[in-house]
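So that you can tell them apart, the chains are marked A, B, C and D in the order they are listed, and the count of residues begins at 1 in each.
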């Protein structure tokens, strides 16, 4: 049952509401003997943390993670790992008005319809704050990868903000960490900066974004066809992130426009290794990793919390105009970058263990 | 564990290879008392079946489904339902050459690397033939929906073949079943017909496609946040279909280009019911159905089996040129339409039961 | 995957080691709108808590439970419920010697062999302290039962300590809470008191026990055959409790000695209800509740931590004599009573939801 | 969700009713490259098959298993394995009378109450015939064990029929296959033969039995605490077998009567291996295998289908006298022996893979 859990063998469960006392994750199935400490997880949380610059919400929280179980003398013990992050800066007063009103684009109304009751403060469980728990769990997954598949390198970045895409010819890996947007194109980054400032201050608006996450060095053979395919699990993982509306692997939706001749990734044998002429497949064939970089893209819709008034209704059915004040990201896509990276790490760690369980991790030979 | 199973409470498991004696599905968790017979499932299989026209593979199989358990005197008994479809037209000789060679774009190489051994005949387990089992299981799901949520209506259709998209202004629901492509635009259908004939005969090529599946009349409240969200499960379901490379809900990837003001679906209270000003969300907010039509799109890559030679390698690492003769669909996307519908039915039936289990199906009130 | 989780739809995950900073449980799938607070759970933890009398370990801990998520304004919201109990009285120094030595009868050696690393302090994850997390989760389950099946009444008691069984003719429900042993027979309770005092002080020994848990008022129809049978899940639940070596339903192991004529529970129709002439079945037939009281018994082996020396080995293979000082229960069975009750509540709440999901909770009619 | 599935990573799903056209199992998660054929599974089914002697039901069925998927050129491929057994000797007419009447001790009434509808022919899904599917799946599990843990040897036998227990001093492994009862004591076997003849012909009665299953050569380290403990899973596995009412590991229920000094299995280091002074634990500590023989016992209640009249009710509530004619085992325990062995094999194969997945199968060192 996957209500608040994700993963097959390396499985995590998250809990917590935006304005409750804390949130966290329990990571189950982690192998023993993996180096783990708070200091090894914290950097990923810091990367996701709001309040770092003027382009994300000004909510200030240290998001300090505590490990409450499953680690002894610096390594995992194979038992369940409890991660806890306290909520220290919940200004519940800001949200008093949404107790009675359903914000358009948010989950207020659907939670109310489904559950009859909801923690409306800051969106409660449906808040993107839940992603902090994923990022913490993702930190554990990264340690598993570091121990068992050290070649894996996961990098996320933004490729589009609103209608402004990056220019691939300017793609620079080193640039990604130099700007506030995880943008690999310095020119686009500058444009986005100006655009976002205008959106926030003058237009009282927000904007969508597209994120790409690449995993290099993934060993071939990961993925459990038919219903635990690597791409299927990645699609589920990314679509579960708040505000995501689409997921692509390799060519993605553009595959519809291609012909078979163009789309085929030709195969070579080079220096005792499998090589490919291209990577339209995005590193996955038949739900199993090929050994090429795994490329996933996902679209994040614009924040629904904006200062421009939108029409909605109240609990009693009367009409209301909603203007969301509070503190909100004008482009939530920015903070979705480390979340997408975390989900990639979690899916890969899970499939590494699952594959080891079923096949023993032994690979078919060529040559 | 999801290796060959899908679903939470209404859960199905598929088995079978392209050229084995049979394939099938076991459907578990079906409610008791639901009318079910082979005659009620067969039409969906007929819709998916190859050999119906010149645009799909000429493999001729009746794909007759047999129900071996779980049904008594015309209704389900609440026990596991075994569905079996015999393979009657496997020409294994056609595939002898692929025992030693990995076809580009297919799962031949990844299955070999992962498992060390593979049933190479017709792609074995990785063949799209597996989707017949899903469509049969989907037939059971449709009966569950008919019994428990009779307002639900699921319709799939193709919106793009190669670079040729339908013209939305010509969209006609009635047209969908009138052509070979489940195309709602008669002009596009005619163009596709010519294009496909040329591709197959003259260009020795294949082409991708984009499918849209719409579920109308879905009650609000379905979906289990955070990791069993309705959209997350739909993404997983569609991405698990052979050759699918991208999945979109509502605005999908286009959401990246929108602003918050444009994207918000305003909410109204009309005649004692919730109404919306638009459906950018595609019927899902916070992973829970809103009551609006659920719209899912997915891209199917072009068939990798083409008559044009592509470079690859053999088991021993030596280079090979692959020309796939056999019988193949020039546009597998066509047959993905009923498969996408089946997956929609399976996900909705599952969430209907899951929601009933957790919440009792009681909805929060408005007004 | 059930590593640290239990349950189908109402599912809980536990974490925490005996001497870590805290332990807890995440309860997933709880219905919304169920009254819940720390005050409603705490009494069950108090019942299990050590240090209450001289017959249990003198470890003194308040075992105060905190609810960190999933509850808003006094009721559950349908989201995951995080329960946390701090460890406040861990005297790790007492356990320094077991870092290098494997205590006979404990899981020290098997954890070491399996994981290579272990938190040896107080048994770490294998300590019976984990059961506090179950009891907390069981408190949530009891609230679910109170809301959805208010007729259910769960009572656990001890029926045997060492070779001393209770005398059924003296069985008195009211007596159960009057003595330190949850013993329904006042004469046996007095004997046990003396016996245990002698065991602890003079014999430096410990002793096993047998617990019975009865659930009255359980509606018929709960249980998911074939592999989620109510008795199968109860067996799994009880056997997962530390030190349990056997589980019985109804006649239990004694059923082997019965004949079909003696064992049959004859069925009657009385005042518009199904009645039975006896309850050899223990309230479960074919894995489904009959409506009769569900009776489960389980045996708890004697505490392996005793002051009498036992032979064992050290990490380096050298022989060692183990005398466990620390603070230990001479009869852990006593504290297993509330744990057995909690597991019964958890299994019943789970099956109530699971049944509601699959069948809608509608029952077949008679008459 | 475990409705008709069992296992974590090596997972099987069964389907089929007593008098349907067939029954079967789908085995998922089997490693690739394991030798498998119908000839390798059939002997285990033959062992369970009824009609072999006068002490079991005279229903005559070949129970010939067919493998429909997952095997290619004599070895498993890592994909789902479909096993099918046709029902060839269903005399449905014998059971016409039970359509309207609930047989005491059977699941007729509980299935009716739960599902509202039931396949009453021969007990439908609740018939012990389902165990044929487990035995077939168990045959696959045995092949996995043979490939990955070849030291494992599983032996089941009966230790008690009615009130007649075997005499341990006469225990002879070789005797087990020499009599109709899998009885290791030749004297007891002779007594049982006479007793059963009298029960069936003169007393028109049936009798319970106790089975023991021992697994020798199991590597240490198998079992996934806390909720996938090896003993917990074995308890669930055995209790899911039709008519089982109790399960014991090692000392079982007798552990209640022991003291800590008596119960401790002292540990030695002998010739570079861990040795134990006794095996009260039955080969499992903390839910993890110790390397000692795993010993499980379970009690099977007497067949409820007897020629002696018992009182019951009809669908309409009117009283009825039930005399079950049909063909029935006077002691179903006999046929439970191979079923118990199969469940042991299934649990061990599953935990072997699960452990390999989580820990890599590497063991902690001693010495």
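Criterion: contacts are C-beta pairs under 8 Å (C-beta built on N, C-alpha and C of every residue); 3 or more make two chains touch, one makes a residue touch a chain.
Owing to the predicted nature of the structure, the values given are computational and were not obtained by experimental measurement.
Trainee: Taking each chain's centre as the mean of its C-alpha atoms, give the chain farthest from subunit C.
Mentor: B
Trainee: Between B-C and B-D, flag the pair that has more C-beta pairs in contact.
Mentor: B-D
Trainee: How many angstrom lie between the centres of subunit B and subunit C, each centre taken as the mean Cα position?
Mentor: 45
Trainee: Please tell me the distance, in whole Å, between the geometric centres of subunit B and subunit D computed from their C-alpha atoms.
Mentor: Comparing mean C-alpha positions, subunit D is 39 Å from subunit B.
Trainee: Residues of subunit C that contact two or more other chains, please.
Mentor: 1, 3-5, 8-9, 14, 29, 32, 78-79, 114-117, 125, 225, 354, 358-359
Trainee: Give every residue of subunit A touching subunit B within the complex, in rising order.
Mentor: 1-6, 8-9, 14, 102, 104-107, 109-117, 125-126, 130, 160-163, 199, 203, 205-210, 220-229, 231-240, 242, 245-269, 274, 277, 280-282, 284-291, 297, 299-306, 308, 310-313, 315-319, 333, 354-355, 358-359, 362-367
Trainee: What residues on subunit A touch subunit C, complex-wise?
Mentor: It is residues 1, 3-5, 8-9, 11, 13-17, 20-24, 26, 28-29, 32-33, 66, 68-70, 72-73, 75-82, 84, 114-119, 124-125 of subunit A that touch subunit C.
Trainee: Okay, in this complex, where on subunit C does subunit B touch?
Mentor: Of all residues in subunit C, those touching subunit B are 1, 9, 29-32, 78-79, 225, 353-354, 356-360.
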